[in-house]
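Next come the structures, one after another.
What follows is subunit A paired twice: with subunit B in the first complex and subunit C in the second.
The block that comes next holds the complex of A and B.
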């Protein structure tokens, strides 16, 4: 394991930090960009460099052959293709739902038929204020380009990974984009590292503690939104949901170590009078 | 896009359902304020207020001007509040929204029209010169309950501010610099604060100090402005769902309790700042003596 690398915008990533397996194509995460550098000698092909677009820690995932940036807890979200986001329907037109990914930013388009198994007759009827869990399909080029979202994988026609589509019930909490990225990362690489990825154990801990109360469903959007629902929670459903929201916002505001995160979960659950 | 993003249906329903179970999103009680922090800057009348995630800066400034013709014995006191894009992406620079005029109006009513600052004491020479005190409110972050936070900021600023000393000599007004004469505190007659309540569920649930999301999900707001003695100087219920008259009666006593609590916090912060200033002044003085 090489020592952690801190990058500034425009920094190139040294090749020794990239995953070495050459069989699969390298996946670039948010905040990284592939640039081609024209070489001084016109006969040789231009070389490529991967450079960072924001200051962050570099994180590599050798299993998935991916590199990405662990961004700092900033608030602004810039759509990148492939990101999972929670969008809110603003209005619908014959072909598209116009969605808000971030407030005060141009709306994104979500095709009326880009849902799993949707046909003209079976497409979901979403109204203003409904939420969808979607993937950023393309961000267009140039000024005024539209961001397009989708709830299916265009290649297979399935809602991959599971859970894409309209979100009903539950509650949405606002977190920083940095925490959202960490949450996604923590859930995608399951328990191979001790104490969670990037020191985030709060969801595992909450999952263990809230098992008796019926468990919970969670969807994390890269645009800094976390949707939580405790549909099986019975009487304590609302309390449990609020408890999860409070845990997340506290962790967002304070840098907590895994032990402190466990303590926080216990304390908030006790405060909210939820049995664990 | 000079508009607050609307809440999703899920958020709206959840906030209401949670309140029906007496649960708020941040785990507060219905009648509980968010943590309030009052701090002062280097200069007199420079206050920073942090109420939960809502934060603002108040600057009090003074200058000598001519009084209004119809009120030759009165000084001038203005409150200037502008919602700029610095506070929230939903606000646009240079364009006045509904919220801005509403908040300015309430602040004017609660603080200016209740005569919290004795404007007659600002008169220097009848009809010729008087002090003009100006309170500038800058919002740096917005998470609901702007009115209460701004009220706390302005009142703390007025109590903290010291204007330069001025005397009249042979019909001439002489203003002494802050380093020449000890500056003078303003004459505060009483300390009114506004307390905002929001109602939910057809007026059955009433909460204090709502966050931005709670404000958006609420049906109506009830404002009570009162001072430490319990004198109500402002009460309003502008729009939204009807509210039972008993709410005003019951919540006035809650508001009184809160006003006392907040005034206590302001007093403590002022006291701490004064002792800090006295200490640094002593140090400066001794240093000056050593230099000599």
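The block that comes next holds the complex of A and C.
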């Protein structure tokens, strides 16, 4: 394990930080570019260097033979195809629902029929203010292009991964886009680790503590939105929802270690008088 | 020599921001960057493959005037060369840099902006880094004053700058190339050479050439080179942001 490498624009990546060469070609993530240095001797081929264009932490993935940059985390959300987002319906037109992904960006389009099993007769009737969990299908080209969302995989007609579609009940909390990406990473990898994935143990801990109170459902959107619902919570459902939101926003503001995250969960649940 | 102090991302709503204080000139600048954003109107038509860079300098006490427009032009010309406006998602979009002078002695109407220029450039660079705008390289800048006896003062206070015969601002890229040279007042070529050498030492440290031709950067009377000081600010911030990843076993 080599020490972490922080790059500034123009810095070259030393070769010892690149994944050891195997047959697969090296994949470069966003923020890295390949520059060729013409050699002084014309008979030898020009050498190549990989240099950074952003200030970021270098992260390498030896399994996929990829290098990428982890840049400043609290950025404004910019849609990228394939991202899972939580969008709010603004208004509907004959063919599309017009949704808000982030308040500062133009509205995104969600087809009236791009839901699982939707036909002209059986399609979800979403009203203004309703929430959907959707995937970014395309972002168009150039300035002022329309972002299109979908709640089905166009190839199979299924809601893949599960859970895409309208979100009913519950409550949405705003977090930074960096924390949203970490939450998605933590929930997508199933590996059981003591310290959690991406340094987050808060959801596991909340899941354990709130089991008696009926558990909870959670959906994380890359656009910095987290939807929480405690439908089986009974009397303490609202309290549990608010407690989860408070845990997430506290972790967003302060960098907390796994131990501190566990302490925070215990403290907030005690303050909210939720039995655990 | 007390180095500058800076912090990254002090503003939560801007895409990127930085605040920067230079103790010797007494300047205190707050900068924000919004990028990539949609530009109003058809301002993108001239260069459809590139991003449009806009710089605004806001003085603390007075409305902006000719002096601000002039320094905005200098900063814009320099940053346009560094920003990779053809990267994905940046073509035909705007990079808007706003620099507010929030402390220190304000520049009077019609007075020179050269004493503030390095602080403005550093703030813009740090804010661009904080917004993750793709850049081809980083830079560092400094201002030097030469008085009647030929004495060179690094980063002069407003009083020292008023008595100086000439003022010089230099910016060097992270590779050590000269990016910007702005001078004011009468001076000779020899003076410029001396000032240029001194500025390079301030930004990059004294060049100590070893026998095999390698160039090593070392500290000297000017304290830590500016390039290193800026790098440390950025590295500290990233270390803090990614503590969960770096400290993970």
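Rule of thumb we're sticking to: the second predicted complex is superposed on the first by the 199 of 276 C-alpha atoms of A that agree within 3 Å, B and C clash if a C-alpha of one lies under 4 Å from a C-alpha of the other, contacts with A are read in each partner's own complex, and residues count from 1 in each chain.
Here, a residue touches a chain if its C-beta (ideal position, glycine included) is under 8 Å from a C-beta of that chain, and two chains touch if they have at least 3 such contacts.
This one's a predicted model, so the numbers in the text were calculated from it and none came from an experiment.
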Partner chain in contact with A:5 - subunit B first, subunit C second, else both or neither: neither
First, second, both or neither for A:245, with subunit B first and subunit C second: first
Touch count on subunit A, higher of subunit B and subunit C: C
Which superposed partner A:129 touches (first subunit B, second subunit C, both, neither): first
Partner chain in contact with A:54 - subunit B first, subunit C second, else both or neither: second
Which of subunit B and subunit C A:172 touches, first, second, both or neither: first
Set of subunit A residues, in rising order, touched by both subunit B and subunit C: none
For the subunit C and subunit A complex, residues of the former touching the latter: 8-9, 12, 15-16, 36, 38-39, 44, 82, 84, 87-89, 91-93, 129-138, 173-175, 231, 234-235, 237-249
Subunit B - residues contacting subunit A, complex: 1, 3-14, 17-18, 21, 23-27, 89-90
Contact footprint of subunit B on subunit A as seen in their complex: 88, 100, 103-104, 127-131, 167-172, 227, 238-239, 241-242, 245-246, 249, 268, 271-272
List of subunit A residues in touch with subunit C within their complex: 4, 6, 8-11, 30-31, 53-57, 59, 70-76, 78, 106, 142-144, 178, 182, 195, 198-200, 255, 257
